[in-house]
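Each in structure tokens, the structures are laid out below.
Next come two complexes, and both contain subunit A; in the first it sits with subunit B, in the second with subunit C.
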Partner chain A sequence: MEAISTLFWPTVAVLLTLAIYTFLWEDNPIYKVAEHIFTGVSVGYMIAQSWHNIIMPKLIVPTTNYFSNGRYLLAIYFIIGGLIGLLYLSRFSEKTSWLSRYPIAITVGFYAGFKIVPIWMTNVSKQLNATIQYPNGDSMLNLKMFGKFFDNPTWGNFISAINGPIIVIGVLLVLIYFFFSFSNDNIVVRASRKPALVVLMLGFGGSFGYTFMARISLFIGRMNYIFSDWIEILTTTLGG
Partner chain B sequence: MAEDKNEKKWYDYLLTIKKPLVYLGMFLVVIIPFLSRCKLKTYETDLVKKVFTRVEKIHEYNKEHPDSKRGILLGFDYGPSTTPENDPMLYAVLRHAFLRDIPVVAWAPYVAYLQLAEGRIKRIAKEYKAEYGKDYVFMGLAYPPTPYMISTGTDMRPMFNTDYYGNDVYKLPILDRFNNYDAFGLVVTISGTAMPEVWLRYANSLYNQDVAVATTAVNAAKFYAYAASGQFTGMIAGLKGAAEYEQMVTRLENKVIDEDIKEYLTGLYKNVDKDKYPEKYYEPEYTKSEINTAILRRRQAGRGMSSQFGAHVYVIILIIIGNVGYYFKRRDEKRRKTGKWGA
Partner chain C sequence: MNFWKRRLPLALTVIYGLAGFAMQIIPALNGYRDIQNSWMPILFGFSIAIGVASLTKYHFTKMRRQPEERVYSIITFISLVVMAVAGLIGMSQDGGVFTKLFDNLFSYVYVPLQATIFSLLAFYITSAAYRAFKVSEWISTLLLVSGFIVMLGRVAFGPLMVFGKLSEWIMAVPTVAAMRGLLIGIGLGIMATAIKIILGIERSYLGGE
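Take a look at the complex of A and B:
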């Protein structure tokens, strides 16, 4: 009996994986069944997990504990938080939906205020700095690197020499491309369009290559499950 | 004699290969190297080496300062949809940490990641006899993650109250010291989401904490900018990055353990005080099947790379075939229009 329970669910997982892949042939009822099971199970799982890992330990248990310990102010603090959270549910009725703006306003207000400085530092100032100089403080347009290449003309030195200029020029080209995307006869703007497109296409190409690798990795993951994990369970279980 | 316009040319066949056949080809090029257990040695890139070296530096520091050790704060920032890519990264990083006796504190930011995280962390901890609460701890859910990251600037414990298993966080010895960024030599975020950016914003920008990222290939292109700027200490990108790190850790493991891994795992919990390893965290013994799985896990990404290689070559061939067909089709159409056909 234990053998059946050990083997049963992994086998269900294998069958559902194959059911999903039948879509590659064409849309079919087997695929639809697997798709609906996936959606239903995901939502059900998330609700149960949220109840057991958020609502119970982070709201109900602390509130009851604080009440039983006589720390009523803290308990009331949790209750107020819970009640404000419940206002989200007011969106189910048109008459009361305006109430949901309160928790939304609190959340958006908190995060907007809190994120301004970290986002500025992470995404703007440090990135801006990284377009001007390397992490070690050397300038991106450091001509000494070219000197080093001419002294010792290796492939590595060549890449090191052109890396900084490519980044600086690439960023400028793409910025010009997007800032002056409207009709413009300026010679600099016109001349920069094609090179900017090349830079953009190189970027998109890199992203595409990585995306392809990611998708194949997912497929390999499922094959690994079927041909390594499941086969191992199958042989161990049936082999006794 | 006039050319029959409806007659199918050779390039028409190239341009109308049926989709199921293309998928069948992909299935074969992925599965054949995988089943034949092809080993593909991969070259190691600087960004991955940087993560490895940073962890080694923590180990060196801990050797010199045994009373003020540094640990690793691990963000388990991925869910079921990206496990094939992120799992080998997690396994390699955890193996490295446990191999070097570096304390690990882990948490997960979303409920869907919890059970996944718990199962995987204990699986690797078990391979190195890591004691729960002393060598590692799983804090459980850190949702919403921002306040948890900020509170770790001073002390993470009040945000949690209990760990994943319901233990009081003030009674776990590991957390006496490893409760804020000062005690962590590195934050490693293993992610299939945008969570590494959140780590950068709070742990790195606000608290100057070193952050390394292990991410899916889809997100890698976005995170390269942060790695190039030095904001990320290093980056493990996609299955290729995972294979590199796995290779480095396996090399280190062979050096440190210096024993056949099957024999090592078989004898790991013989003659040990099993009270030190409560079953609540993991069962201190190995079955034959578990040992086989643990051995296969050690080259999970490496095995995947041979399939990746096959798939990439296959797609390059398909692109060439498509372009050749398209080129000749266009050339013939042009000739037809200009009347030079058959001239």
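Take a look at the complex of A and C:
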């Protein structure tokens, strides 16, 4: 009995893993079962997460605390938040589904205003700053690096000298490519299209290779689980 | 009715949008910002209802239209209910049957399935990339070459270590330039959209009608 309880869940994990990989052959009922189990379990997990990580600590506990501390206005504001959140449930009926616009409108509105400054800081200001200078404060277009290369013409010095200008010119090319993506006869815009595509393709290729290797490492992890961890559990449990 | 269905939600968007912006730039409003930051997730918490509603609606329609596929919808509902109940009860206890059930479902069902489905993409992005490169011009071959070098660079050893250096350079220079250009563009786009939302110009999030 103990052997069954030790083996049961790891074997379930192995069977589900193999069931998903059967899709590599073709779409089949075994894969569909595993896929639908995943959908159900994921949504079930999100429900539990929402309750324990949001509804309880952000609504029920603070509201109770505010009431017991005599901060009634805050408590009422949090109850109103809960009631507005409940309006999402109106989606279950077509007649009342328009009520769900209230929580959506508040969420979209608040975060639209709240995120303007952080987005400016992280996506624009810091990125522009990093395009102008290295983290140590040196300029990206530092001519001293070229001087160093001419003094000592090695491959390493050459790469160090051109890296900064490539990043600066690459960022400018990509920005021009996207901001003037419509038909444009300007000579700068036309001349920058191919070089911009070269930078983008090299960049996308790098991201593609990186993503591919991340997926492969997940695949290796699953194979390692089956052929190392599970086999070990199997031999230990059945052998012992 | 137009007031309740469209104007009031729009007014709330404008009010909360301006309030959100003010809370970021006026230090005197830091106290209100903290309260609002713990208030907003309450709405998120209930938004899971949209996901459950869509899933339920989709599967009920499917069960009616495709009776031969009914068994899969039943499997979805059973696994949803079992995981939700195990999580709701199990996560609030320190031990017990539900906690064990939740831990096992998470470690031996949810995590392996998620990892396997993601790893499955490795095979499909490879075949998709191959088909894309086959029909395209020389510039798309650059994507293939750069991707291939990064893949080799990640597992390079011995004489192949040159791919390791090349891979590092591709990730540190052209990829940084491309992604930084994209990030700046995306950032400006988000800011423009946010301003349009606050001013009530962009209303698509309120749906049709």
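We adopt the following convention: the second predicted complex is superposed on the first by the 198 of 240 C-alpha atoms of A that agree within 3 Å, B and C clash if a C-alpha of one lies under 4 Å from a C-alpha of the other, contacts with A are read in each partner's own complex, and residues count from 1 in each chain.
The criterion applied here is as follows: contacts are C-beta pairs under 8 Å (C-beta built on N, C-alpha and C of every residue); 3 or more make two chains touch, one makes a residue touch a chain.
These numbers were taken from a predicted model, which means no experiment stands behind them.
Judged by the touch definition given at the top, the superposed model places A:P135 against subunit B, while subunit C stays out of reach.
Once the two complexes are overlaid on the shared chain, A:F92 sits against subunit C while remaining clear of subunit B.
Within the superposed three-chain model, A:K144 lies out of touch with both subunit B and subunit C [touch as defined at top]. When the two structures are aligned on the shared chain, A:F227 is found in touch with subunit B, with no touch to subunit C.
In the overlay built on the shared chain, the residue A:L173 is in contact with subunit C alone; subunit B does not reach it.
Contacts of A:W25 after superposition: subunit B is touched, whereas subunit C is not reached.
After overlaying the two complexes on the shared chain, residue contacts for A:R190 are found with neither subunit B nor subunit C. After overlaying the two complexes on the shared chain, residue contacts for A:F219 are found with subunit B and with subunit C alike.
By the document's definition of touching, both partners, subunit B and subunit C, reach A:Q49.
More residues of subunit A lie in touch with C than with the remaining chain of the pair subunit B and subunit C. Touching of subunit A by both subunit B and subunit C, each in its own complex, is seen for residues 24, 45-46, 49-50, 54, 62, 111, 114-115, 117-119, 122-123, 127, 130, 167, 203, 206-207, 210-213, 216, 218-219, 221-222.
Residues of subunit B that touch subunit A in their complex: 19-20, 23, 26, 30-31, 34-35, 81-85, 87, 111-112, 114-115, 140-141, 143, 146, 161-162, 197, 200-202, 204-206, 216-218, 220-221, 225-226, 228-231, 237-240, 288-289, 292-293, 296, 300, 303-304, 307-308, 311-312, 315. Note for the complex: subunit A touches subunit C at residues 9-10, 12-13, 16-17, 20-21, 23-24, 32-52, 54-55, 58-59, 62, 74, 77-78, 81-82, 84-89, 91-92, 98, 100-120, 122-124, 127-128, 130-131, 159, 163, 166-167, 169-175, 177-179, 194, 197-213, 215-216, 218-219, 221-222, 225.
Residues of subunit A that touch subunit B in their complex: 24-25, 45-46, 49-50, 53-54, 57, 62, 111, 114-115, 117-119, 121-123, 126-127, 129-130, 134-135, 167, 203, 206-207, 210-214, 216-224, 227-229, 232-233, 236. Of all the residues in subunit C, the ones that touch subunit A in their complex are 5, 8-10, 12-25, 35-36, 38-56, 72-73, 75-88, 90-92, 102, 104-110, 112-123, 125-126, 129, 139-140, 142-151, 153-155, 167, 169-188, 190-191, 193-195, 197-198, 205-207, 209.
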